[in-house]
Amino acid sequence: MDSALNILSYLSQGLWTTVSIFLAATFFSFVMAFFAGLCRVVKNPLVRGVTTAYVEIFRGTSLIVQLFWLYYAVPMLFGINLGSNWWVGVIAIALNYGAYMSEVVRSSVLSVDEGQTEAAIALNLSRVQRMRHVILPQALRLMLPEFGNYMIQILKGTALVSLIGLTDILYYGDIYRSTNLDEGPLAYLMVLIMYFIIALPLIWLSKKGEKISKKGVAG
Amino acid sequence: MEPVVQYKEVQKSFGDTHVLKGINLDIMPSEKIAIIGPSGSGKTTIIRLLMTLAEPTGGDILVDGKNLWKMEVNGKTKTANEKHLGAVRDDIGMVFQHFNLFPHKTILENCTLPLTSVQKMDKTEAEALAKQMLDRVGLGDKFEAYPANLSGGQKQRVAMARALVMKPKIMLFDEVTSALDPELVGEVLEVIRDLAAHEDMAMVLVTHEMEFALEIADRVLFLDEGVIAESGPADDVINKSENPRLQEFLKRFRSNGQS
Amino acid sequence: MWSWETFIDAFPFVIEGINITLGLTVTSYLLALAAGFIWLVLESTPSRIINFFFHWIREFIRSTPPLVQIFFLYFAWPEVPYVGMTFTPFIAAMLALGIHFSTYISEVYRSGIESVDQGQWEASKALNLSTKDTWMRIVLPQALPPTIPMLGNYLIILFKEVPLAATIGVVGILSLARTYGSNTWAYLEPITIVAILFLLLSYPSALLIRWLEKKMNNRFEKKETKVKVSK
C-alpha cells in the first residue's frame, strides 16, 4: 500500500500535463466539431466539400499517425515551429476528435424534425436565427451522450503525447518502471487508475446525457 | 381592388411527379378561400409555395405585385435570395397540420420568438402582445406550459396565436384539423370561425371539412390532378357543380363519413 | 522539404509492414469478438455482485488508454507474481487491443439482443422451445444482423489503433516509417505514406459500412418515401 501511494505521488507530477492537454484538446475539439459540423449543413458546395474532406481524412487515418505527422512534418514542410510539443499534442487530438464529433453535430442537426425549420421559416426567422433559436437547442440534447463518450476518447488519446516527449502521467509511469523493474505491474496499474479517476466524471456525464437525450426535447 | 396574391401559370414537380400543372389564382385582400381535392392533388403544395417552403418549377407568384421567387439584379432576373424572401414572409403566416410548435420553448416563448427576433420588439411589449393573442385563442392560463403538456387542439390553437402575433396579411391553414382526435376538432374550428368573422386578413384553408368550408369560405377551389378544376362560391361548388370528378370526390368523401 | 524521390524510395520499405499491421488487426479483432461474448456472460450471472464487479472492470478497461494497457502487458506482465510471463511484442499488442475492444464489442452484442422484441421470448416459451433453441433459432438470428454495421465500424476503429503497437516494436507500417526516418532523417515522406495507406484502406471500408447500414435500416424499419407529395 505504501509503495502504491508512493507511485501515485510520483505520477502526479505528470497530472497537470495530462489534464491541461485534455482540457485544451476538448475545448478545441468542440470548436472544430461545431465549426465543421455546421459547415457540412450549409448550401455552399465548396464549403461543404472542403469540410467533408477534412472530416474524412482525419477520421480515415489514425491519431498516432497524425500526431507524428504534425510532430515531424509541420516544421519541415511549412517551416512553422508550433512553439512547443504541448501545442502539437493539443492540435493533433483536437483535429482528430473534432472530425469525429463534427459528425455528431451534423447528424443531430439533421435529425431535428423538418417541421421545426418550416415553422421557423413561416415566422420569418433568418437562417442564423433558425439555427440558434430553434434547431441547435433541440440538437444539443441529442449530442450530449456522444459528447460524453468522445471526451473519454480524448482523455485516452492524451496518453499518446508521452511519445513526443511530453511529461504526462504515462511518461512518469515509464520512468518509474524503468528504475524499479519489479514494481512495473503496480506502476502501470496506478497509471491506469489515475486515468480512470479522471474518466469517472466523464462516464457519469455520458450516462446523464443519455438520460437527458432519451427524455426528448420537451422541458 | 388589387389582388394581394396572384399565381400565374405556377408549376411544381418533384422529380418526375408533376404536382401542379399550371395554377392561375388571384387572392383578394380579406378573401376567405377553401381548397379541397383528393390526396395528391397538390393542395398543400399550393400554399407551401406561397410560404416559401418549396420553390415553384415554373410560373410566377406575385405578392402585392412583387414577384416572390424572382428578383432583379442589375437588370437580370435571378432566383430570390433569403433577403428577398424574408421581405415578403412578414406578410404571410401559416398553421401546420402537425402544429410544429417549438418543444423546447414555453407557449409564451413560442409566440414571442418571432416578435423579439424578427421584429426586434422589446420583451415586455412582445409578451403583452403574445398574451393578448393567447387569450384570444382561449389559452390565457397556459403561458408557462410546454407544448408537450397540451392536447392536440390546444397545440393547434397556440400555433394559430403564434402565427397571429405577426399580423400577417394572408394566413395559410394546412389541414389544421386532420392530425387531431375527432373530439378536439371543434375547438380549433371555433377559433378559425372567429378569425374569419373578425379579421381583415385573407385566409386560405386546405381542408377536408366540407361543412366548415361551406360555412366560412367566400370561394371554394376544387383541385384535381394539379389544376384548379372548379372555382366559385362555396355553395355553387359543393352543392351545384356538375363536374363528375368533383361529384365522385364528394360522394367518396361522404361515404367515408368524414364530413 | 517534400521530395518525391524520398517518397518513392520509402514506399517499398514502408509497405513491407502492411502484413503485420493487417495481421495484428485481424487477430486482435477476432479476440475482441470472442471476448465480447465472455463479458456478456460475466455480466449476466445470477449474482448481482459478480455482474456489478465485472461491469466496472469492463468500464475500467474501456475508459483507460489502450497505449498504457499495451505497455502493461509488454513491460510489466513478466513481473506479475505467479501468472507473469513474457509476451512477444505482437502477442502483447494483440492481447491488449483485443481485450480493450472486446469491452465495446460486448456492448454491441447487448444492444443487438435487447433489440429483439420481448414478445419473441414469450412466444418461444409458449411454443415450449428449449433455451438453446430459443437462443440459436429465434433470438440470435434476429439480434446479430443489425449489429453487423456496428461491428464493422469497430473493426475500422481497431485498425486505426493498431499503429500503437509500433511503440513496443511491432514492425508494422508506422514502425518501418519511423525506422526509415531515423536512418535517413526524412520523416515527412514515410509518415505521409503511412497516412495514405490508412486512408486508402479505411475510407473505402467506411463507405462499405455506411452502405450496409443504410441497407439494414431499410430492411428493419419501414421505408420512407423519397418524394414528399402533398395531399
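Letters are used for the chains, namely A, B and C, taken in the order the chains are written, and counting of residues starts over at 1 for each.
FYI, contacts are C-beta pairs under 8 Å (C-beta built on N, C-alpha and C of every residue); 3 or more make two chains touch, one makes a residue touch a chain.
A quick note: this is a predicted structure, and the numbers were derived from the prediction, not measured.
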| item | value |
| --- | --- |
| Closest chain to the centre of mass proxy, which here is the mean CA position | A |
| Farthest chain (mean CA position) relative to chain B | C |
| CA centroid of chain A to CA centroid of chain C, Å | 20 |
| Centroid distance [mean C-alpha coordinates] between chain B and chain A, Å | 46 |
| Approximate Å spacing (C-alpha centroids) for the pair chain B, chain C | 53 |
| Residues of chain C touching chain A in the complex | 1-2, 59-60, 62-69, 71-72, 75-77, 79-80, 84, 159-164, 166-167, 174, 178, 181, 187-188, 191-192, 194-195, 198-199, 202-203, 206 |
| Contact footprint of chain C on chain A as seen in their complex | 56-57, 59-66, 68-69, 72-73, 76-77, 152, 155-160, 163, 170, 173-174, 177, 181-185, 187-189, 191-192, 195-196, 199, 202-203 |
| For the chain A and chain B complex, residues of the former touching the latter | 113, 115-116, 118-119, 121-127, 129, 133-134, 137-138, 216-219 |
| Chain B to chain A touching residues, read off their complex | 51-53, 82, 86, 89-90, 92-94, 96, 98, 100-104, 106, 113-114, 117-118, 146-149, 159, 162-163, 166 |
